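There are two complexes below, and they share subunit A, which is joined by subunit B in the first and by subunit C in the second.
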Partner chain A sequence: MEIFIQQLVNSLSVASVTILIGIGITLIFGLAGIVNFAHGEFLMVGGMITWFLVTSGLNFFAALLGAMILVGALGFIAERGLFRFTLERPMNGFIMSIGMSVILQHVVIRIFNEVQKTIPDPIGKVWVIGGVDIIAMRGVVVALTAVVVAITYFGISRSRYGMALRASIADQDTAALMGIPVRRYVTGVFVYGSVLAGLGGALMIALFPITPFTGSVVIIRGFAVSLIGGLGNVGGAVGGGLLLGLVDGLSAGYGFPEWTDAYSLVVMIAILIVRPQGLFGGTLGPRST
Partner chain B sequence: MKNLKFGALLMTAALTGLLAQLSRAADEELKIGVVAAESGSFVSAGNTIVAAAKLASQQINDGGGVKVGDKTYKINLYIRDNRTDVNVTIAAARELVNDVGVKAIWGTETHDFSVSMAKITGPAKVIQFSGNSSLGAVLDDKSVAPGGWLHYTFQSEPQEWQRSGSTAKGVLSLLTPLLAHAPKHSVVFVGNDATGQYLSSHYVKALEAEGQTVDLVKYPPDTTDFSPLLTRVKGMNPDIVHFWYNGDSTLTAFPQALKLDVSPAYFLFGVDPGIYQQRQLRSDKPVTMSCVPVCWGSSPYPAVQDYFKKYFDLGASKGPQSSVSLLYYDYFFMYAKALEQVGSIDKPDAVVDALLKMSYQGVVSPVPLTFNPHHQVTFATEVCLVKPNTSDQFNCTVEQPPPAPPAGDSGG
Partner chain C sequence: MAALEIAGLRKEFGGVIALAGVDISIESDKIVGIIGPNGSGKTTLFNVVAGVHKPTAGRVTWQGKDITGKSAYRIARAGLVRTFQQAMSYPGLSVRENVRIACEHGRRREHGSKQKWSSPEEILDFVGLRGLEDALAGSMPFGNLRRLGVAVALGANPILLLLDEPAAGLNDSETSELSQLILQFPKLGIGICLIDHDMYLMGTLCERLVVLNFGTKIAEGPPDLVLNDPKVAEVYLGGEI
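== the complex of A and B ==
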């Protein structure tokens, strides 16, 4: 029984990191209409920045803030300098982002080298409750993810900016006629998604070592989560992340362990066949009439 | 006056000719290819091959070059990045063999890539040194015989049953005195790729030969969050968890295992004491680790210390794979010695014979290196125990390989 409860706790922590990645992707893909395959590398860059700042003597939480700001700036440059020119041709943007992911990997190797990077656990405590081990830093990741989800959800569904953003998605021409700066909103969403990637990278390196190639691994799960939940749907990303976390945790514990990744992807394929719009429904970026 | 002018002209011509001759002699080039991942996911393994090749060739050239017959050759490396892509590897091998005309190739880092290269180097009679122990599955009497497709291929890593045997023996001998009871149940935790499957099949047999009951748990190779898998392992109540291949995954999984209190003892394959120290890892449970072929972090051998000082001074990274560089370094000197013995760089069959007869005292092992008839090298394994609750206090032992494969292990 203890092992089963431990697996449920593990599932929640696996889900948290995945949800953070998934929210960034679902916003950028679903709301801005940009398929950024380099989003995983943005996360990796966030982790590397955190590593650099922490090993330079900075406190982890200050380094986390630094990673969010710098990856946000990277997102701003990428959107304004690259993706802005592909908004009318998303496939070009997609291919460009694949190239960008490889370039970012090798820029990081050039600057920091290829060796795996890690930092000491910022909290370093394990709580044992009823025979179940709860790693304190994972608890922090779950809590931070919950805060990010709440801010993002209410920002989109309740704020004036969120309403304008949703109007841009529904019909960008009409929204523009109403005085909504649609392009600026696209940039804003892209930068916000990038900031979340920076946060995800910082939290990830607090839990696991990362390499310049970590991004290319996590991106698949990020896209799976956002597609399962429904593109552009923050609640969907949370639901998708929890579902994949549960599948991962339980399949690793009770199925063929070497198939762990496959189980999650089978679930994604099944959902996309039955509900192509995702479990919670989604969008496909700003539409012009 | 005329005669004087003629004499000066003659002398100038003779001097020019002499200088040209000398210059030609100085320019004799021994072309050696290196195919390794300098980008892509195998970059940490690939960079070790390149760094070792650069260090070895630099030392040989600085020492006057390779003296073959009445000529002296300077090694020129032709390094190709295979981008961790088998197709790029094949293209690079073709270019090096057909266009550049290399006499030997070092690389690559994985089984499939090395085998693909051997299909090109073999027919062209180009000597190939590859580190993968998994080549043992294809190096046999027929394939290495003259005319065989692997006649010119040498496996610079020991046979897997040898390494597994010496490692299992070393790990158990170091851990047993520290445990409450003699360990009986081992769980081998391994990445589910071709190399992981091959390596673990031998290691499981080696542990069974030492009296262990073994469970094998395979994980997807790109796993970062190991907590669900490690919880499963914890539920098996192991006496020892063996993280077997590869170093980077082990360094990701091991700290998670410590936090989840998975086992009373651990073995980390491919994790160097130097990395353990660098990461400031600490465990209240006994932890052993081993390196291929010898550790850079705590080696008692002056030759090894000297090698790694020079290796890192060249700018190579300190990673879990750094020790692997030695699998490639020593063989430059063996190859150079074989060329000197043969007296020509253009007699590859004679070079193969010379390599097979050679006993060479390299850096990797206290005993001289020799190739067996299947073109595989033999050397010992270094296993280290870290004192509990420390990151930098190691007790290392060198285990010689067993004389024969254990029951149920075909050896290949």
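== the complex of A and C ==
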């Protein structure tokens, strides 16, 4: 039982990173209609920035904030400078983003190197809860993710900005008539998703080593999560992330760890065959033009 | 001076000339109608004025400011609000939510402004949708969706409303209710510029008619004069009446 609870917490902390990347993709793909295949590299860059700042002597949580801000700025530049011009043709944006992911990998290798990076456990404590040892940092990762999920969920579903955002996506002309600056909302969603990727990268490097190629693994899981949950559906991304995280974590703990990545993809394929709109329903993806 | 000044407005789509240099002035305390056969450029005129399309040439001035080519939301926030032929609302949101979005994002409401509504509920009351605030927009019949479209446009707090075929698809009693509603707008400080094919409706509602044909203005004036103009009759009937 104690081992099970430890596995559960481990799985949840892994799932947290997956959820953060999945929410970013579900918002950017499902709401802004942009397929950014470099989103995984945004996370990797966030991890690398965190590593650089921490090894330069900065506190981890300050470094985390720095990674969020810098990756958000990267997202702003990418959206304003590149994706803005492919909004009418999402497929062009998708191809461009593949190129961007390769460029980002090699820029990181050029600046640092290709060796994997780790940072010391930022908290370095173990909590004993009900006789079970839990690494404190993993608990913090889960808690931070829960807060971000709650803010995002209520921001999208309840706030006037979330409502305006959903209106902009559903019908741009009517939204503009109501006085909603549609393009600004698209940029806003893209930057927000990028900030979450920065946070995901910072939390990831607090748990595992990161290499310049981490992004390509993460992006597949992120798309799996957002498709399982239904595009544009924040709650769905959380459900999908938990599902994948638990399948991964528990299968690694109890079964065949070498198959970990395969499980999640099998789950995704199975769900997309049975329910193409995702488990929880979502938008139909980028507007077709 | 007129609130909206359109000067030499031209719009080409590829090789097609939709507007071939149009000059129109519209006041914000009157009901002005724009008529013309299909393809004469009426809807394009609205789209270019409201910022949905950028003009090829010409100038649009709103309350003394050049708004040519400005983005649609800025023009809406400046109080120049266009409606669409299709129902303008979000089917998955309630009637109240649809109007509330427009209230939250449209032109800022100043104190002492002439209009009497401050909440989505009051607007819905005015357009005759009281009691349906919580209904899903997508569940409403067509006539009510049109009213909701007007309510959404009012939510954006317009000074001048551009109504694109508000009566299309409505039956006679719905059309006459709608025209009663439209007649009240000038008293509330909202000017109306509307497009419609219903000549009886246009003749009774409008103080002034502008006739477009092939992207040019061919006549302008009070309805009884314009509708009896031989040039206008020729455009519509291909000859004399």
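The criterion applied here is as follows: the second predicted complex is superposed on the first by the 278 of 289 C-alpha atoms of A that agree within 3 Å, B and C clash if a C-alpha of one lies under 4 Å from a C-alpha of the other, contacts with A are read in each partner's own complex, and residues count from 1 in each chain.
Just so it is clear, contacts are C-beta pairs under 8 Å (C-beta built on N, C-alpha and C of every residue); 3 or more make two chains touch, one makes a residue touch a chain.
All of these numbers come straight from a predicted model, not from anything done at the bench.
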Point to revise | Overlay on subunit A: subunit C relative to subunit B, clash or fit | key: fit
Check your understanding: Touch check for A:Val189: first (subunit B), second (subunit C), both, or neither?
Key -> neither
Exercise for review: Considering only the touch criterion stated at the top, classify A:Glu258 as touching first (subunit B), second (subunit C), both, or neither.
Suggested key: first
Point to revise | Centroid geometry (CA): angle subunit B/subunit A/subunit C, rounded to a multiple of 10 degrees | key: 140
Review point. Once the shared chain is lined up, is A:Leu227 touching subunit B (first), subunit C (second), both, or neither of them?
Key: neither
Check your understanding: A:Ser13 contacts which: subunit B (first), subunit C (second), both, neither?
Key -> first
Exercise for review: Of the two partners subunit B and subunit C, indicate the one touching more residues belonging to subunit A.
Suggested key: B
Point to revise | Touched partner set for A:Leu207, first subunit B, second subunit C, both or neither | key: first
Point to revise | Minimal inter-chain CA distance - subunit C and subunit B, angstrom | key: 41
Revision key, fill the gap. In subunit A, both subunit B and subunit C touch residues none
Study note, to complete from the structure: Touching subunit B in the complex, subunit A uses residues 3, 6-7, 10-11, 13-14, 17, 105-106, 109, 113-116, 118, 120-121, 126, 133, 135, 204, 207-214, 217-218, 248-254, 257-262
Practice item. Show which residues of subunit A lie in contact with subunit C when the two form their complex. Key: 160, 163-164, 166-167, 170-171, 173-183
Revision key, fill the gap. Residue set of subunit C touching subunit A in the complex reads 50-52, 71-74, 76-77, 81-84, 88-90, 92-93, 97, 101-102, 104-107, 152-153, 155-156
Exercise for review: Write out the stretch or stretches of subunit B touching subunit A in their complex.
Suggested key: 39, 41, 43-44, 47, 192, 217-220, 222-225, 227-229, 231-232, 234-235, 248, 251-252, 255-256, 259-261, 279-280, 317-320
